[in-house]
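Look at the two complexes coming up: subunit A is in both, with subunit B in one and subunit C in the other.
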Partner chain A sequence: MSYIAILLTYIFINNFILVKFLGLCPFIGVSKNSESAIGMGLAVTFVTGTASAVTWCVYYGLLLPLGLEYLKTIAFILVIAALVQLVEMVLRKMSPALYKALGIYLPLITTNCAVLGIAIINIDQAYGLLESFVAGIAAGVGFTLAIILMSNIRESLDLKPPRKQFQGVPIAFISAGLMALSFMAFDNSLLSNLHLA
Partner chain B sequence: MTPILFAVLTLACLGFALGIGLSIADRKFSVEKDEKLSALEEAMPGANCGGCGFAGCAAYAEAVYNGTAKAGLCSPGGADLANKMAKIMGLEAVEVEEKRVAYVFCKGNCEKTRKDFKYKGIPDCNAAAILFGGDNACKYGCLHMGSCIAVCPVGAISKNAEGDIVVDRSKCVGCGKCSEVCPNKVIRLIPASARYAVACNSRDKGADVRKKCDVGCIGCKICEVKYPQSGFKVDGNLSVYDNKTCTEDTVKAMEACPKKIIYRPDA
Partner chain C sequence: MNTKELTKGIFRENPTFVIMLGMCPTLAVTTQVINAVSMGAGVLFVLLFSNIFISLLKNYIPGSVRIPCYVVVIASFVTIVEMVFHAYVPAVYKALGVYLPLIVVNCIILGRAEAFASKNGVLDSALDAIGMGIGFTLALTFIALIREVLGNGTITLMPIGSFSGVITIPVLSDWPVRTMTLAAGALLLMGYLKAFFNWKTERSAKKRLEASR
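Right after this comes the complex of A and B.
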């Protein structure tokens, strides 16, 4: 699979939120305004990218040689949690500006299922190191796309709220469902039409 | 070695290694925070109202710490906080602006003020104001859509039974966000010590005001001319109180006002 195909797959065809339904907690929780949605999206992209690369190394460097493939879920959780902590510390020291933009969102996604999800999918699909990294970035970009679209919808809904029964989370769920339906328009024919499959 | 023991040991080793790595990283990448800055942040009220002009309490504390902002800008904290901050920073006590609270200069609810048309758009004062200055016949008054209620960080503003927007002075921290969002600037900050206020914002001529509203200032100048020591002054068809004077004349002017629109904000 070419890198472009992987990018398209995880941004559109297998969008983590709208098709795979992973990482729904921040999708609903942090999509009230677009500023925090962008921050959250960037933080997730950052973490899925690095976590993909690191978990690939852990799996092929440690678990596979020891014959402990079945431990990958718990080992990945451990590694990702430590990785996010480390990234937070490094950011705080090295780049206070970036830390201010991403910092408050990083602890929120330590054990987000989208992050664990991409790590496991990478192994299932038998991607190489670079392919895993690209898939991680693409999953994060797909997450960012979905959460920004959602935050714009919710900002518009704040201006002209629906009936009282639907205000808040109910209309958010309904909008999310409709968005998921529209993302079903993307399937593998997208890749074959672009001669990427 | 049984497989289960092997798995447990591997995970334990992995966790142990990661733990040690993290604690080393924590040492290496620790950021030293100045005691003064922590003390400043501690002293803040933590409402994050933004009344000081900064993004929040922490941002203001940092600005004071860096010397780019004065102590005493925090309205909720008042004089106590200003002195505390000055003490932390080793400065002389600073002058504090008097605590201010919001007041709505309009009592023209739907029963008292005529409407030009029926507004059915987005329930937001600024949206309503775009359309011919709102549905009120008086283009200076309160639009009653509650944009100030929505923006108030402490929930001090509400609509009372008569439909007027009112401010709970005990809750108001004087951040001024309501005044900022109000298209007609009919809600403004007044000193907490101001004992009187003319609850009208209209600068229309007296005859026009009479047609449009039952509780508008008609600029009759009774308060100014008959009671010269009252502290009221008519400027552009609207009587304005100087927020200080409190004499016998002031009390009499309040009673003499033909529209009875001089109120006690603290009552």
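Right after this comes the complex of A and C.
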């Protein structure tokens, strides 16, 4: 697959939230206002991108030569936890401004299904190193797109709230469902129409 | 024996509908009843053993590194589940796909380890895990039943002997509501179900208030 095809696949066709349901917890939890949605989205993109590259190296450089493929899940979750910690420390030292914007979201990302999800999908799809990295970035961008749209919907809902039973989580799920319906417009025919498949 | 620890997970603190934990697998694997039941069984197994082990080890794990320790315990049991599914039910293993290893990051398991097993005894932790696991499995099966019956007009179970494992419902299988099996249907259904449960708890709370007067 070409890099553009991978980008389109993970941003639109297999959008991580609206099609694959990966990372729903932060999607519902941190989408109450657009400022925190953007922060969360950027933090996730940063981590999915780096985690994709690092887990690829761990799998093909360490686990496969040693015949330990079955330790994939344990190894990946540890690598991701360590990576998130490292990113947090580096950001705090190098860029306090960025740390202030993303800092509070970083600890939450370790248990975000999207990060472990993209790491495992990269291996399942047998992507190369650069392809994995692009897929990781694309998954993060897809997440960011969905969470920003969601936060805007929820901000407008604050102005005109629905019935009491629907307030909060239920209306968030229903809005996400309607968004998913519109995302169904993007399917694999998009790639073939663009002569990418 | 404390039965309260066992029953609370099934209704009053149901992980899916009340605490809203572990949403990703809940929506992703509920397209067929068999997938939902298998996912529930996998989560129940991991939850039970990780709760037991974390409860046993709680005095030896230093507080500052407890989360990575819990994750290693959980990931080990998830790997066992993965291998068992791969060996004995390859069709289900394939259908669950990436969501099977993702049990590691299912918030229910880490949540119960942190909130319950790290503070309580082995027996109570095991009962808590069984209750929560059953509650999760029931919720998943319930959602899968609605989605598969409306969306496909079938109920897919395990094939046993001459029984193919698929029950077809006459009228619905001719005119299914396809959206229900798609991603959008899962999100919409979850929203309406949550609203329904909100309405139900609110009403029973009101009734209890009136009865106490």
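Heads up, the rule we're going with is that the second predicted complex is superposed on the first by the 197 of 197 C-alpha atoms of A that agree within 3 Å, B and C clash if a C-alpha of one lies under 4 Å from a C-alpha of the other, contacts with A are read in each partner's own complex, and residues count from 1 in each chain.
Note that a residue touches a chain if its C-beta (ideal position, glycine included) is under 8 Å from a C-beta of that chain, and two chains touch if they have at least 3 such contacts.
Just so we're clear, the structure is a prediction, and the values are computed from it rather than from any experiment.
Of the two partner chains placed by the overlay, neither subunit B nor subunit C lies in contact with A:84. When both complexes are overlaid on chain A, the residue A:71 reaches subunit B and subunit C alike.
The larger set of touched subunit A residues comes from C, when the choice is between subunit B and subunit C. Of the two partner chains placed by superposition, A:109 touches none, neither subunit B nor subunit C. By the touch criterion defined above, A:159 lies against subunit B but remains apart from subunit C after alignment on the C-alpha atoms of chain A. Annotation: subunit A residues 71, 74, 78 touch subunit B in one complex and subunit C in the other. Subunit C makes touch with subunit A in their complex at residues 20-21, 23-25, 27-28, 67-68, 71-72, 75-76, 78-79, 82-83, 97-98, 101-102, 104-105, 107, 110, 179, 182-192, 194-196, 198-199, 202.
Per the touch definition, subunit A reaches subunit B in the complex via residues 62, 66, 68, 71, 74-75, 78-79, 82, 85-86, 89-90, 92-94, 159-160. On the subunit A side of its complex with subunit C, the touching residues are 18-25, 28, 70-74, 77-78, 81, 111-113, 116-117, 120-121, 124, 164-166, 169-178, 180-181, 183-184. On subunit B, the positions that touch subunit A within their shared complex are 6-7, 10-11, 14-15, 18-19, 21-22, 25-26, 29-31, 122, 124, 127.
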